[in-house]
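Naming follows writing order (A, B, C, D and E), and every chain is counted from residue 1.
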Amino acid sequence: MTFPPIFFELFVLALGMLILLLESFSVKEDRKIFAVIGIIGLAIVFVFLQASAPGPSGMASYVVDSAAIFFKKVVVLTTIVVLIMSIDYADTIRRFLPGGSSQSGLGEFFALPVLTCAGMMWMSSAIDFILIFVSLELVTISFYVLVAYMRRNAASLEAGVKYLILSALSTGFTVYGITWIYGVTRQTNLIEIEHVLPSIPLDNQPGVLFGALLVLVGLGFKIAAAPFQFWVPDVYQGAPTPITAFLSVGSKSVGFIVLLRVVQAFQSLPAVGDRLITAVILLAAATLLYGNLAALPQTNFKRLLAYSSIGHAGYLLMAVAGIGALDSGQAVVVYLAAYLLMTLLSFLVLVIVSAHGEGDDIVHFNGLAKRSPFLAFGLLVAMMSLAGVPLTAGFLGKFLVFKVAFETRQFLLLGLGIITVGCGFYFYLKVVKAMYWQPPAVNLAAIPVSKLSLAAIVIMVLLIFVLGIFPQVALGLMPTG
Amino acid sequence: MNLSPWIILFAPFVSAVVIVLITERFKKLSSYISVAAVAISFVFSVAVFFGQDGTASFNWIDLGTFQVKIGYLINDLTRLMLLIVTGVGLLIHIYSIGYMADDRGRSRYFCGLSLFMFSMLGIVLANNFIMMFIFWELVGFSSYLLIGHWFYRPAPPAAANKAFLANRLGDFGFMLGILLVWSASGTVTFDELRGQWSTLGLSPGFMTAAALLIFCGAIGKSAQFPLHVWLPDAMEGPTPVSALIHAATMVAAGVFMLVRTYFLFEPSSTALGVVLWIGLITSLLAALMATQQDDIKRVLAYSTLSQLGLMIAAVGLGAPQAGMFHLFTHASFKALLFLGAGSVIHSLHNEQNIWQMGGLQKKMPVTFWTFLIGTLALIACPPFAGFWSKDDILASADRNIPAFLAIAAVTYLTAFYMSRLFVVAFLGQPRSEQAGHAHESPSVMTVPLILLSIPACIAGFPFIASLFIKVPEHEGSPIGSMAVSLIAFAAGAASGYYLYKEKTKDSIQIPLFEHKFYIDEMYGSLIKWTQDLLANISGFVDRWVIDGTVVRGLGGITWGAGFALRFLQVGNLQAYAFLFGAGVVLLLYFILFGTK
Amino acid sequence: MVTLNDYLFASGLLFAIGFAGVLLRRNVIIIFMALELMLNAANLSLIGFSRYNVHDGLPDYNGQVLVFFIITVAAAEVTVGLAIIVALFRAKQTTHVEDMNTLKF
Amino acid sequence: MSPILFWIFVAMMLFFGGMVVLNRNPVASALSLVVSFLALAALYVSLDAYFIGVIQILVYAGAVMVLFLFIIMLLDLKAESRRHVNFPAVCGGFVVIILFIKVLSDVCYGFDGGNAKFPPIAQGPQGDVWHVGMVLFQQYNVALQVVGTLILVATIGVVILSKRELK
Amino acid sequence: MNFLVHLIYLSPLVAGVGIILGLPARRTAVTAAVIAIISALIVFIGYDRATGGYQFASFLQLVADWDLNFAAGVDGLSATLLLLTSIVALAAVWLAPKVDEGEHRYYACILLIAAGAAGAFASLDLFFFYAFHELALIPTFLMIGIWGSGNRQGAAWKITIYLSIGSIILLIGLIGLYLLPSPEQRTFNIVKLQQLASSGAFSGPGSRSVYFLLLLGFGILVSLFPFHTWAPQAYASAPVPVTMLHAGVLKKFGLYGLLRVALPLMPEAARHWAWLLLILLAGNILYVGLATISQKQLDLTLAYSSVMHMGYIFLGIASYNVIGLNGAALLMFAHGLSIAALFAMCGELRKQTGTLNYLDLGGLATNMPRLSFAFGLATFASIGLPGFANFASELLVFFGAFKNSTPGAGFNEFQIVGTIALWGVVISSVYMLRAYRAIFMGERQARWQTVQDMPLSLGWAVILLIAALLVVGIAPRTVLDAVEPGIRLFVK
């Protein structure tokens, strides 16, 4: 059976509210139950999403194409994993919340991601700037809350404020950009805009380009593209780890779907479209370099992941810049799928290790291979995939991106790619080195892993290899074009 | 097809393999196996000697357009060489049983010998350049093994390396020559080349170059100047080895090769001239050095050098037959001399300094007499073998006065230092107590001496020699040359005898000769200042420039860039806002106004 | 005669002023106000455009709706933002941006 | 509306906007923000966007400003003590801003027909509230729901972040 | 029969994974290696030399619209290299020392490296051809870092980063290659690619730059001068099995790639870039050769020599004619075996004496007759003594280089480099003989009284390697007849 597509969001929304209600009426149940409820609910949604097919939505501002469905799946999966992490992370949360009971504030912590997930799902279907703006803000605001969630933890709050101000700034630019696009084209709907653009008078091209660039800036902020990435390392480091994962996967992927739609829409007017592409190429170059180079000297694993997420944004932008090629969208999709798996996997391991360790510096992973080989292997796979070793998902992504870049003759980016991949090998393997070469720290105790996390890790490791060895699985995620 | 050449070739190979794989532990057995193998080869060589010419081959490598063949070519030259190699080889094998009786590494030794026989026979039988080159290399290898037999002493390994490297140097030229010949003619088979070479219409310069490069092989293998330095050192090996490899057969391979490929040299007078003078220079230098050596084996070694020089010179004179003739006689009496020396050294417990010998006439009669015969043969005393062959060479030089004089001088010097050697080593009073307790060697060693002295006596007579080899009958005045050589011989022998009679120490001191014209030292510094210097430079460059500076430098720059970039991340909110705005403005400017 | 450009440029200036506020003031609350200024600048040009893009005698109401949403969202943003700032103040007794730089490099 | 009024309101808007930035006393800034927004509302009205003008006054002048002032009082922020001014930063900031204005003006005055008169609008039977409402509830229904969610999230967030003791 | 090819790389792969999951390490590893070598032998012998072409081929289509398959199959060249791989792999596994900690990881890594190499050689699809090779990267990194000797961490970093950069360049080159033909012709299938080549699909303007990328990428992987500096340090400090596999087998991947992909598809470009290759390989032979002479330690000497010998293979490739290419192919096989044997025994020496410095060693032949004998054989093999495969192949390489010339004319660039290469033979005998003499011959120092001869496990491994060398050296046709038809296909 199939619903009208809009129902998925509503279901997720209802799920979030259900958790809130349970939270407010429950007395002494273990709040982790709620997370499990959320996971189950989202799993059901995922199943239905899997079953659902592209089709007309009956609304002008809301579209259900294969891309939308794919990205909805991505965010739902992400949210599931984030909830799993949150369960492992709950103790840390409690420590930093002022609470009478030991349960205080947990229910909301599980509910907010679900609501955010709903926002992201809306975002991935939005093709009207108004809807885009609103859902974008929904996501952003809930992230304000989540990032700053640990009130007793100065770092978390500082991250919150930084995210708040900078994000609001980028919102300002986005809105101003939308204004100009609207002003020139008289439209807020991307499809309409695509139709109208070729007919706009020559004098207005700067105006619409100006608007498009400002929108690009706003989205660049969301996907952590240089030079709008400065919030990323600080916020990633300060925020609760599950939220960091959520930020780096969820909000980045929806940012990319919107970016793709916008850039695509503007291709109808080459004079503007080509310059927009140039802009994207510039951003891609800056992002590649910044993310990968600045990661080289990192010693904090969470920050390292932040820089790596910047770097990967660079590769993704390469693919976006190749939008002229037939399968650039496909490249983005596959890369994001791979990125989702490997990033979430590393964050999951990070949460588990740092929950039983001293902190989240790389040195805290020393000798992990001896302490608990399973976790070490999981992280090894994640790192291999992030670095782009063949037969892992990460390689397939890089392969597609480079293919697209070569097809569209972006030799500058390819050249940078050579350098950055080298750097990538260096700083990802630094973690591997810590786990496998270094002797373990004082406490050799094996780290306990909950059933749920164990299952998650196994599944993700398997998926990474499956995607890497059988590309058709990944390519099936979204048909070409 | 005719199997016997293959049997001749592979019998020693089989023995070598068997020794390595199976009988390594049973030393006596190994030695017998090896001897048996040579005996087989010898028997079949005799058979081949009376058989008729022939050639056959199979493809070792077949790439359609390009084949490498392994095959044999039998003609008079092959027959003679086969006989020499297997015959002398057989005797020396037998001799070795006695000489090496109490050596730990006997199996290794005999394995080496068999391997050598295999390789040497391969050279002799080869019907094309590549096959010859293959066995050429193998010969070098086996000589390396045998020279380095006593690896636990300091000197032999050094000598072995020197020998191998010198040969490799020669082979570098040899291979280059082969490649040139092939790239010009498209074939490496002797028969085909003999037919085509002069008809290819190649530029004379090219032909000369090719011939001389081929000659390089001979220079290396036959220890001609300037690569002669390895042969004297090679005396560090066991004496039978010196006899077999470094006197009778291997060093003669160079000459053999020249004769085999004479057709390459014929068209180019320049090439022949070079060959001639290389030969003569070697011969003279060696003779001069020999006059001041005190080690019995080294004296023989230098005399070998100078005799080889004569043979080469003979080829250069356009009389390859004379060269072969001398090779034939020389093989017998030089082997005889070495074995004699060997038996002396053996009974004097490895005493090699002739000034520690003396008065051996009574104690070791057989050795004494046979050595005398050998000496007489070598110094061209009529009617011994050496007289005839050397006279042929002299005679073939009668048009070329300088060469003629040089050869005469060599004859004189030979007579001089050999008589010196003989007088000092055998006559007079014992000058050490080993010499006092010397005793005749066992029969297994003396019998070969006797057998070898027979050809040393008679092989020269034309009617006997002609059985084996086409003795060149030269027009002009044989009498003249004969007279000269007689005079030279007489003078040399006399002066040697009277100068050293009853002496206890050398009365003449000529450091230049004693130190072999300081050629070793020169080479030492040459290598030091060219190869080692370059090596160290490139080692340094590789370590510190390419790797240290460029590679590490790039890595460092990248890392440094990352380190610097981090400082944009100052943690101050307004700094971020500023950078954000700056980014926006730059982007806007570049895209809106920068690009068209 | 007042033209669209005048409105646009006025809004642009307001935007710039807001941006200046973000760059120059150290007090987070003031910075936040400045951000509000930027949003309103956008609103102004939106209204301008919607008034300019007239079809069949009516201004184009999409723009106004967008403004409506922007205002709403801005309000929500302000509440959350101020809440965070308050929490920060409780934790660190400051609202100055220099005082929050524990996270860097 | 006559140009004079327009320029007056623009001047007010910009001036008080500037005061927001320049005043070192937060309360003063907040109040100038209110004034600036009032002027802005007037400009909306001048563009026949009565509904938005009203909303502007209600939401901003009414709610948001009160909130700001309330918080300022709560934290009783004193006037910002004159700290050393970081000149490079300030100059850099100004450069960035000037450049931005430059770009903006180029774009604005390049805008085609921007100098033309505003096209007249017919006063239909329904006020613009009606029109806005139609668009809002027909075309942008989804967006409205999203905003609802947004406000829900905001509420939760505020509770979580500022409640003294979570139950 | 096709499954045999898959067996060659799958058995180590599966065994490696199995070991990680907890199968008994050594027994599983040896079993897998034996299975691999048996199937490789059957494939090598079963390969029908008369018909030539690709045999034992099997395709599993993965992505239709890219024509991406999981394809495996062999022609003479790859059959030979697979044989080489499985021989060296068996030897490496067999002589692997006792590991006290992380034995599972140790063996798993060895097997994965072997599997990577084998997979690359067996694959008939560009994508997996590349992917398999890089599979070996991480295990190498881990092994050098954990079980290496000397400055192991530096070495591990250098080789890993260097090779990763090399392979990304290669990847871009391969992508370019894939994009050269018109969209409907594009394919990853090597067999089809070679058919396409005859229709001139790769002779377009881009082909030269693509070939350059490939040359650069493959060159870095093969330590082509001046991109060679990763090799010596890494080989010197890597654990023995890794060095054997890497120097012996994995390094050949680049050359194999040139022979399999670059040359057949873009002959014109290959000829165009020949001059560059000639210069660089001259650097390999002469410059690196001299650098080798200046080394003072056995492990470094061997490592440098392995870099130097790549020059000969490149010469064969550069000369681009039947003789030279066959020589190159044969030399890949021969060098793989000889260098593996040398490194194996070098590791044993290190274990016994704790030093490889020439000044400290000497006269060891008295204590270790077996080792010194075997080492001598390997030494002379590596300096091209007739009877060992190295000689036959170097011979062919030289003749190949001199083939490109007009009869009787002066030297062209090929002959000049050929002469340099010939001189390289002298150079290599200089350093190898010096090394051998310094270690095994001469006076024995008192402290080496107690040194033991090599253990039987190592003995068998070395015998395996050297026996293969001798067999092929005495009868080169065993290999050449298999390789030749494949090469004749694309050399006109």
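One rule holds for everything that comes next: a residue touches a chain if its C-beta (ideal position, glycine included) is under 8 Å from a C-beta of that chain, and two chains touch if they have at least 3 such contacts.
Just so it is clear, the model here is predicted, and its values are computed rather than measured.
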| item | value |
| --- | --- |
| Path length in the contact graph (chain A to chain E, fewest steps) | 1 |
| Set of chains adjacent to chain A and to chain D | B, C |
| Most distant chain from chain A, judged by the mean position of its C-alpha atoms | B |
| Farthest chain (mean CA position) relative to chain D | B |
| Leader among chain pairs (count of C-beta contacts) | C-D |
| Intercentroid distance (Cα basis), chain E paired with chain D, Å | 70 |
| Geometric centre distance via CA averages, chain C-chain B, whole Å | 96 |
| Chain B and chain E, separation of their C-alpha mean positions in angstrom | 36 |
| Separation of chain C from chain E, taking each centre as the mean of its C-alpha atoms, in whole Å | 65 |
| Chain A: positions in contact with at least two other chains | 130, 134, 137, 141, 144-145, 148, 151, 161-162, 165, 169, 180, 183, 206, 210, 233-234, 422 |
| Chain E residues counted as touching two or more neighbouring chains | 161 |
| Residues within chain B bordering two or more other chains | 566, 569, 571, 573-575, 577-578, 581-582, 584, 588, 592 |
| Those chain pairs that satisfy the touch definition | A-B, A-C, A-D, A-E, B-C, B-D, B-E, C-D |
| Contacting residues of chain E [partner chain B, same complex] | 158, 161-162, 226, 229, 233, 287-288, 290-295, 322-323, 326, 363, 365-366, 380, 385-387, 391-392, 395-396, 398-399, 402-403, 405, 407-408, 415, 418-419, 422-423, 425-426, 429-430, 433-434, 437, 440-444, 476-477, 480-481, 484, 488 |
| In the complex with chain D, residue positions of chain B that touch it | 574-575, 578, 581-582, 584-585, 588-589, 592 |
| Chain C - residues contacting chain B, complex | 19, 22-23, 26, 28, 97-98, 100-105 |
| Interfacial residue positions of chain B with respect to chain E in the complex | 59-66, 68, 130, 133-135, 137-138, 141, 148, 151-154, 156-158, 160-161, 164-165, 168-169, 172, 175-176, 179-180, 182-186, 200, 202-203, 206, 531-532, 534-542, 546-547, 550-551, 555 |
| Interfacial residue positions of chain B with respect to chain A in the complex | 558-559, 561-563, 565-566, 568-569, 571, 573, 575-577, 579-580, 582-584, 586-588, 590-592, 595 |
